[in-house]
Amino acid sequence: MSLKVEDHGRVRKLTLNRPEQLNAFNNEQYAAVRDALKQTEEEEPGIAVAVLTGEGRAFSAGQDLAEMQRMIDSGSEGYQFPSFLAQLTSFKKPLIAAVNGVGVGIGMTLLSHCDLVLISSTAKLRTPFSQLGLAPEAGSSGLFPMRMGWQNAAYTLLSGKWMSAEEVHQAGYVWKVCPPEELMAQAMTVAEEIAANPISSLIATKELMLAGGRLTLAQESHAREIEVYKDLVGAPANREAIAAFLENRKPDFSKIPGA
Amino acid sequence: MSLKVEDHGRVRKLTLNRPEQLNAFNNEQYAAVRDALKQTEEEEPGIAVAVLTGEGRAFSAGQDLAEMQRMIDSGSEGYQFPSFLAQLTSFKKPLIAAVNGVGVGIGMTLLSHCDLVLISSTAKLRTPFSQLGLAPEAGSSGLFPMRMGWQNAAYTLLSGKWMSAEEVHQAGYVWKVCPPEELMAQAMTVAEEIAANPISSLIATKELMLAGGRLTLAQESHAREIEVYKDLVGAPANREAIAAFLENRKPDFSKIPGA
Amino acid sequence: MSLKVEDHGRVRKLTLNRPEQLNAFNNEQYAAVRDALKQTEEEEPGIAVAVLTGEGRAFSAGQDLAEMQRMIDSGSEGYQFPSFLAQLTSFKKPLIAAVNGVGVGIGMTLLSHCDLVLISSTAKLRTPFSQLGLAPEAGSSGLFPMRMGWQNAAYTLLSGKWMSAEEVHQAGYVWKVCPPEELMAQAMTVAEEIAANPISSLIATKELMLAGGRLTLAQESHAREIEVYKDLVGAPANREAIAAFLENRKPDFSKIPGA
């Protein structure tokens, strides 16, 4: 099971559960999170708040690159990412992330779709899109500037460098840094504070806030990103980057005109 | 008189003046602030800047709940809040708030419509909307994310918990924390710095800034909130919350399906 | 030559080079920066990142006021500012500013169009628009709230006061404060970190981010500002302010109705 689901009163805890793959998203995990969010929203009138975390030492290492290659080869047939993202983007109940370890790629960008992000002081985050010859995804081209200001967003997306828990907190991308051993307890405490209020009001609040700009920004940014990916995926810079990654060497873009 | 008006050179000071009701807004006070802002904008070519503060130990305890109940019962006939808010939202001259004590509900949300907010270090703010079975008002569903970032806005609006002066400052919701005894002097100093410039330029600057997004965001957010309130006001969660408040007990939402 | 251009690997360094005029923008300098950015974007497939700085002790003292007067007198014939701004606003490659000294007017507002801003700890910034009887320019009426939050933007634009390097950093307007002697080295280090990635990805990232709101906000804000300037330039408050400036005295707006 790529996702564990547990209820604590009015709080549902969702735990990414592929610890040996550092919770990297394969198709099954995308589908599992999507379905769990959909069920929480539509079929659980007694659940007020969802908390998302990761099993083991990582939060999520991001897109499984081997699977990404298969998707590219097969023309994205059956790829569960778009429907996962659509569900995440419009999820109507409060969603809290407890980032227990590294978050890479979608493991960092999905946090822009959460309402509160708590992070372990030992965790770090990174979006290696430009290093892979790619571009921002999951709406991050629009949501990162909204969530951490233009300059932090630009540095993160353009450089692809690691950001420490303290740096993403300073940037405003996460709400609170916690000692690792207190992360889940603090996340659950906040979740319960919120869950004590009427669910009808929590849904109304989240929906009004989303309508204030975040939902449209996320959807439109994602739509633009999809178009850009059509040009970048499989282009020379992307091929060189993936080859270098699989061969465990530094990519050499200098031989590629314009890359 | 629910509002005191005093001029200091080119600065007009407006003081909410129902100290025994902690400056809670009744219909008369909404109308008084609305009319004072309108007059400052339209009939006072020598007034450059307005400063809003509260008499006594509170800034404003928010909507007067007894009056709110009367408004609900009477179908909002004669309710002065919408025209108050419309005037506040589009006020053309710089508006500075000096938050001398607690701000609750509209006593917190109106600050999103001010251009600079100074707060006493002993003050605290809170929006108990979800706790009352309601939802954000006064455009706060859109303006809070703009003014304090998504996560602080979500925590404040969803939880309804108190935020200290230091917390709202860290969140970016207020510009400056002052010792209580220096609050008014510091607010007047900033007001006078700004008021020294040509009023035509101050109005042009404020109007250009409003046109850059805040005005539309406030108006559209408020319009959406109005629709949501139609469903929430008087619904079971709201009735239980108000009953519990009046009976001075903890509300019990668990008996209400979906609440 | 009002602009020095040097390449360091994949990084192009552009240095405003009118040190005796504190790099104030005259028509020639506007045109030089515009042309250099355009060439970097269109004709230099091997340049990934541009860095903008100033020669001597200032970054830029802003619009050359004597030239501004000539432009007003001649009906803006041949004025290079609009095409400079249009190029800056839509520049497709990452643009990093290294603010080596004072930035005034456009010397501060152009930073909103940069992706990362590093500043010397001894520098300071200021927009004296309202003090000159004018209003925000270069899209700053929309971009300042986006880059430093509403309240810092309002204070800066309305008051026209100096802000120290530390203050603009606290406000989020600059990304990093550096000791003066380390400014260029740190700016080049960041530029090189980014420039190590495929240029195709850097351009895609910047364009997606711009499409997420900044480009339209900048263009629409500038268009509104242009309209407002038609009323303010040459009006009594502006004439008094410029006369006082040239006569090195404090302006007296009290004799001008509404100013």
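Letters A, B and C mark the chains in the order given here, with residues in each chain numbered from 1 onward.
The rule is simple: a contact is a pair of C-beta atoms (placed from the backbone, for glycine too) under 8 Å apart; a residue touches a chain by one contact, two chains touch by 3 or more.
As the structure is a computational prediction, the values presented were derived from the model and not from experiment.
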Contacts common to chain A and chain B (chain labels): C
Numbering shared by both copies at the chain C-chain A contact, with half separating same from different: different
Chain centre separation in whole Å, for chain C relative to chain A (CA means): 35
In chain C, residues with contacts to at least two other chains: none
Parts of chain B lying in touch with chain A, wherever the complex brings them together: 129-136, 141-142, 144-145, 149-155, 157-161, 217, 220-221, 224-225, 228, 231-232, 235, 237, 241, 253, 256-259
Sites on chain C touched by chain A in the complex: 45, 94, 115-117, 146-147, 172, 174-175, 190, 193-194, 197-202, 204-209, 211-214
